[in-house]
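Next come two complexes built around subunit A: one with subunit B, the other with subunit C.
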Partner chain A sequence: MWNERPVRRVNTGWLVLVAVCCLLGGIAAARAATRAWLALTLTGVAAGLAAAARVLIGAGAWEWTSAMRVGGETLHLRLDSISAMFLALLCVIAGAGAVYSSAYWTDAMHPRSAGAGRRWWNVLVLSIVVVLLASNGVHFLLGWEAFTISAYFLITLDRDNPDVRRAGWLYLAVSHVAVLLLFTFFALLAVRTGTWDLGPMQERAELAPLFWLMLVGFGIKAGVFPLHVWLPSAHANAPSHVSAMLSGVALKIGVYGLVRFAGWLPTPPEAGWVVATLGVTSAVLGVAFALGQHDIKRLLAYHSVENVGIILIGLGFGMVATAQGYPAWGRLALIGGLLHVWNHGLFKGLLFLGAGSVLHATGTREMSRLGGLWRRMPWTTALFALGAVAICGLPPLNGFVSEWLVFLGLFGAVLSRGSSVWMAIPAAILLALTGALALACFVKVCGVVFLGAPRSETAARAHESGLAMRLPMLGLAGGCVAIGVAPLLVWPALSRAVGTWHGGWMDAAEPAPLMMLGAVQTGVLVIGGAVAWMLWRRVRAVGCVTAPTWDCGYALPTARMQYTAGSFAGIVTEWFAFILRPVLHMERPEGLAPQSASHWQHTPETVLERAVEPLGALVLQGAVAARRLQHGRVQAYLVYLLIGVALLAAVVLSGVSP
Partner chain B sequence: MRDLNLLIGLAMGLNLVALGSSRLPSIIRATALQGVLLGIMPLLLEHDFGWQVVAVAVATAIGKGVVIPGLLQRAMRAAHIEREVEPFIGFVPSLLLGAFGTIAALAVARSLPLLPEHAKSLLVPGALASMLTGFVLLIGRVKAISQVCGYLIFENGIYLFGLLLIGSTPLLVEAGVLLDLTVGIFVIGIIVDRIQRAFDSLDTRKLTVLRE
Partner chain C sequence: MMIVLSFVARLAWWLLLAPLLPGIINKVKAWVAGRRGPPVLQLYYDLARLWRKQVVMSTLASPAFIVGPAVAWAAVLGATLLVPLGPAAGATLSFRGDVVLMLYLLALARFATTWAAMETGSAFEGMGAAREVTYAVLAEAAMIAAMLTLAVQTGSVSLATMLAPSVGTSAVLLAAGLFTVLLVENCRVPFDDPATHLELTMIHEVMVLDHSGPPFAAILHGASMKLLLFAVLVTQSVLPMGTYSRTMASIVLLVGVLIVTVGVGIVESFMARFAFRRVPLLLTTSVLLCVFALLVAWQGAA
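The block that comes next holds the complex of A and B.
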């Protein structure tokens, strides 16, 4: 057993210290010394990863209290297996993104923003480290605010572009709604418990209603469906390594908050149902919106909504199981959700880096201008396809493992014949539907972007990206394969995290099918690899004949005659037209010799445009109306005063007289 | 008590005079007369008054009745303004409001939980009526000088309330309030002067250009 190894607890602390110092040094070196920045950042994240790994393999939680006061509160840091899980993911993505950015966002290409980008990158990583380690409400909020702000500066690195500025502004505004809610949450918590210090307080049942505040606050950050309004434009307009960080890690910090406080605080009885319902909604509608997108990064952003939904299904059923006392399937669902946090970080990071590679090579995110890239960019194509297989939850990669664990949890809930059956059956069906739609969506992406013929000049002149951009993608892809073929390796860590979340769920062996799953996945990988290799050899031996595609008697085929992203997904987006509300502009060819015809379809940000913006306009109208009260006429101000005093007098008098 | 009520009744009548007149000198005179009446009141309330009460009464009467009105008249002459030309609330509506306010003050004062020795006196209704009158003048008038008179009548109402507590509050506190007010009038006098120079008018409606 891991636990029996003698370990000195101080080691984790030293590793954390090294990580923090290196990242701070990186901030200093960011502007001028790029290589030093890269070296320091990589050392820092390696140390952080080592610290997280030590906790995860069973060296015990690390806790450190200092007499030093920051913001009037004593410093209290804690790294247990839940925060270590998220810290590990942060370090992996931060390292990959740092290497990637050294080739993707260079001083030569972006002289104004490259140095700032490196510096804010480290600030972001550091502030997330603070959020993960802080065990005090004040420090949590400080870290959270720094995290929000630094992410804003990273999103708007390319702020000459008005779209980027708009996306950044939306992100900042929505994030601060979340910050406000979290301020309220922590303040109320501090008032009711008498201390800002955080920790398990399950026995204080009166704290349960605070869960809703926290759910909305962290839900905005996590991008849960109706609260995701900031997410698509921010992810699409940020530089790709930042998108990978936002999607891979930043959203997960929202999930971290939910997991953390759902474990520490008592929850209302219906909380699990609400979280699971939100999860199912996010999963299905996230993928539906993704299908309607034509911008490759916006599409990936909506898949983040979907995957956060899957994570929340796991968390929600874990909470339901806690409330109803079914440890067996509750653990599985929660472990599936937590593993999906890792998995989504890995494959979504990979996909965003891949999309960045495409953007870097062609200069466009518009899928209808791409096509046929696999000839020019074989590495990017292969790695993106691998990420696509993983995100669709297909064997033999990691997405399958976590979704399968969530499914096992749902099936367990069905078999337990409790009241959870009525939620578990639809959830399982909709989760399967989500997987199918995600597959359709990624067939669309891969088919339109990488296969076929180039639709534009820039796509035809694309070039493969350099080693510094391929290496991080290879690393993330390696992670996807490793978790896919050897899920048993990560089981102890997940089991510990779940044990930390709920004390009673600590000691349980891995489910028997997990071993078999690993073997089967390995088999699928080996057989698939062998078949692919044999086919490749055959093709190489026979040779290829180049001929025009779809040459069915038509003499002048052009690349524009290919399926577009919109036409491929048309059927499915029509199913979801009730929520997607696609905007269609069509000019049919008419007459014997039609001169012009056009067809243009666009999926708007329905929630933003139909709900948030009207609400904002209403508030603005109210504010403008209220502003008429301030006109500068002293006499009228005195009337206000008189009315106020009269009302007060009326209140007092009516209160005094019986 | 009857003498006191008589004086308060006179003061309430002067309120209506101030509300009903359009000429600034008569408003100022009404205010000055009210001030003198108020100055006499402590002498009627305190039965065994010493030199302090006399001194304060004299100071109040001189301050409210002579010094401040004198300052206002000087400001008025300097600004060449005699009349309130187009008030926000006309003179007849002002009078009606004032009369209504006086009646309402009498009605409200009856329902207030007062000490038995104050129940018969007109102090509370007089105070409320004066404060309302002050408010109506402040709200309804445009010229800065009539607004200052509004403030003064408003302060007279507060002074009347203060007389309720004459047993427990030393008159010196009241004298301090009066001093504050005198300083306030000085400041307003300076502001009136500035308004006059900046806008070539004493119309406070023109101050709206300063709102942002």
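The block that comes next holds the complex of A and C.
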């Protein structure tokens, strides 16, 4: 028995090594040999997935230290069940995106950027692997920076377009605020603990205030409202497989940081409340902003804000439960949040790839120019619809399982009658509200983009995407169905992750009737299918004729008379006008023979335009003012030096230690 | 054998009894107005007729135009199977957290119905779908607050136990809140007028303008099952079902459902449909009623 452990370690380690080598090889092959790149990347992610799966099914955590020094620190890698969860998600989305991109961003269509896109794709995946495995602050930061930069190059692949350049710059700037905060966080941590090595240090209560630094740093990456300012434009302007990666995985690495260090470090007593409040805010306002969008990818991007909110509700209540000692509902909420990480990666990846197919086929992201795509793109329509059902958290798919677990956690918090109830009641009500708003939003998207009549010539001439673009979507859709009908399959992995997060929550029994839920979800799927089949047969039996849509007696309907995305969401955007601040332009028809009339409504990036940009302008003004200090007169510089030395002397003499 | 029998009996309750409710409502409205009105069994005749009729499909509609009503019907049926019929009979399926599943199955039905409405590309149906999903936002908030009230009262997250015991002081608030949710979720006056023929002013009826034949029958039958589901929920959440004997509970449930149905008819007879601008206001009131019920229950249970 005793010699089993080392053997197992070697296995996981070998898989990680194979994954890293294949991805590195992929970088070399990216420019010239597309097929070799694809094969190497797929092998790499398969090996990575196998390594993650080994840890998640209970082969134990993998840890590896080497005498080799990188950046002055010895190499220390660790793959435990929390990082394995995120690694598994990374590998799935990276594989799906790689296959998709081989047909979506080809050398023929993008001769300048396709090779670079493949290379940066692998760099991104590798740097995220480094972030997930690093058990040392320096290496974590190195990986983090590489991850940030490679994502920038992927976002700006199509950099001839000024919108793309602007989105990329915003992303880079905001991400570096996050990097700066994280650098401060890790540096302060290293100063206070005396080592850059990372690991559980819950007993060091004096580290708790560092939590706030980390919350903002990782929160920016995760796209928490109101730190999401970089997210909508970056997701909308990146190539679609990159959007899927950003939304499905990159945001989750922010979540990973939060989960990781909320588990390893002591947290201030009010931390859980703050995280849960941020979660609720992100969920409700994310979906409200999504409803106001007319650009399909920007809309999906705002839904990422919403779903990260749901994840944070789970994490926040998990933290509150840890602080107050309620393992029963705390586990449920945290498991719900962690499962939502996977689920959101799967269905949001699917939806972004679907949106990419639409963009590929029609050349526009503007929903008011689309419509009636189902006839030309039946596969994309069906798969997008499946993703929509999943993201609305409807049974029988995976989104419902995680939202249900979070709801159970919230109900448990209410029933525990502790002080957490004052947060749990509003959270439960607002989570229900969020679900209903998401449903409204996706009925709007599906209805306007895929159903009805085409609103433009390009939409009428759309074509279905090829097999290489459909297969990854099929795979992701399969994942959504599998987790939906058999949630018990992912239970052991989640249970281990939660056990790693909080040692005391390891061995408790299955807290929720997941078996029953799986059976019921399967039942819904089977019965729904059977009823649909029976009704279909009945319609065939009684006969079916086609006729134009009932037009209320008005005989000349045009496609432009269909309900638009803006009018569909009109009532809700009016409710949320206090924060959405929609811009309305209206030119009424006037006079006896009105010549022209127009009406459009647009929801701006309110937080960016009304909060961040004024703040940035203020900082710039301050910088301009400070520039007066530098004028080239040597005498004045000598005075500065003198004042500086005097201040230092005062500090040293007054006996304040740094 | 008993299990099979009781399952069949339950299915019969939900499938066969449901179309009676709209008939009763219409009869009440007719009585109040001094008319004879259509027979109580009118919906059964309508369903039988629609089931045999030919289907007219819009040239724009995809096969999901037929699949949508089927999925909506199955989802409502699934939701009804989670609702207990009195403490003795219980629900077909009962587990911790089934209350959330019930709410989300109703949401799935909403998704399928509105999807089918968007199929036709008609501005009327788009308008109806938009209103349906928008008002449901507030109705959903009210529902979850009501379910939290029941959970607090009973300390349980399963419908079978949540609906069983006697209620606390919050019963009146809860009844008012849930009854309002019943009216909006089933598209009754003052939110929607099922009898109107002006497309612009309707919600549910305008969504199904283009449906015909068997799919339309599925939609009508599903709507009546949903009405019955809400009537059963309202009755059980305000009456102390747990204190009655087996037979008594069944009779009380039947009478309760009848009272709720007649109540809907009376409301429709004496109220006009609200202007659309005022609908969210009334809905917010129902959310507040449920939240106050929750607070009262919280105080009572402490």
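Just so we're on the same page, the second predicted complex is superposed on the first by the 603 of 658 C-alpha atoms of A that agree within 3 Å, B and C clash if a C-alpha of one lies under 4 Å from a C-alpha of the other, contacts with A are read in each partner's own complex, and residues count from 1 in each chain.
Heads up, the rule we're going with is that a contact is a pair of C-beta atoms (placed from the backbone, for glycine too) under 8 Å apart; a residue touches a chain by one contact, two chains touch by 3 or more.
Since the structure is predicted, the reported quantities are computational estimates derived from the model, not experimental observations.
In the overlay built on the shared chain, the residue A:W169 is in contact with neither subunit B nor subunit C.
When the two complexes are superposed, the chain touching more residues of subunit A, out of subunit B and subunit C, is C.
Contacts of A:V634 after superposition on the shared chain: subunit B is touched, whereas subunit C is not. With both structures placed on the common chain, the touch criterion links A:V539 to subunit C but leaves subunit B unconnected. In the superposition on chain A, A:W212 makes contact with neither subunit B nor subunit C.
Of the two partner chains placed by the overlay, only subunit B lies in contact with A:L642; subunit C stays clear of it. Applying the stated contact rule after C-alpha superposition, one finds that A:F183 touches neither subunit B nor subunit C. Taken in their complex, subunit A has these residues touching subunit B: 630-636, 638-639, 642, 653, 656-657.
In the complex of the two chains, the subunit A residues touching subunit C come out as 371-372, 374-375, 378, 381, 385, 389, 392-395, 400, 403-404, 407-408, 411-412, 414-415, 417, 421, 425, 428-433, 435-437, 439-440, 442-444, 446-448, 451-453, 512-513, 516-517, 520, 523-524, 527-528, 530-532, 534-536, 538-539, 542-552, 559, 561-563, 567-572, 575. Those residues of subunit B that touch subunit A in the complex are listed here as 88, 111, 113, 135, 138-142, 147, 204-205, 207-211. Of all residues in subunit C, only 51-60, 62-64, 66-67, 69-71, 73-75, 77-78, 93, 95-97, 100-101, 103-105, 107-108, 110-111, 114-115, 117-127, 129-131, 133-134, 136-141, 143-145, 148, 151-152, 155, 157, 199, 209-210, 213-215, 218, 280, 287, 291, 294, 298, 302 touch subunit A in the complex they form.
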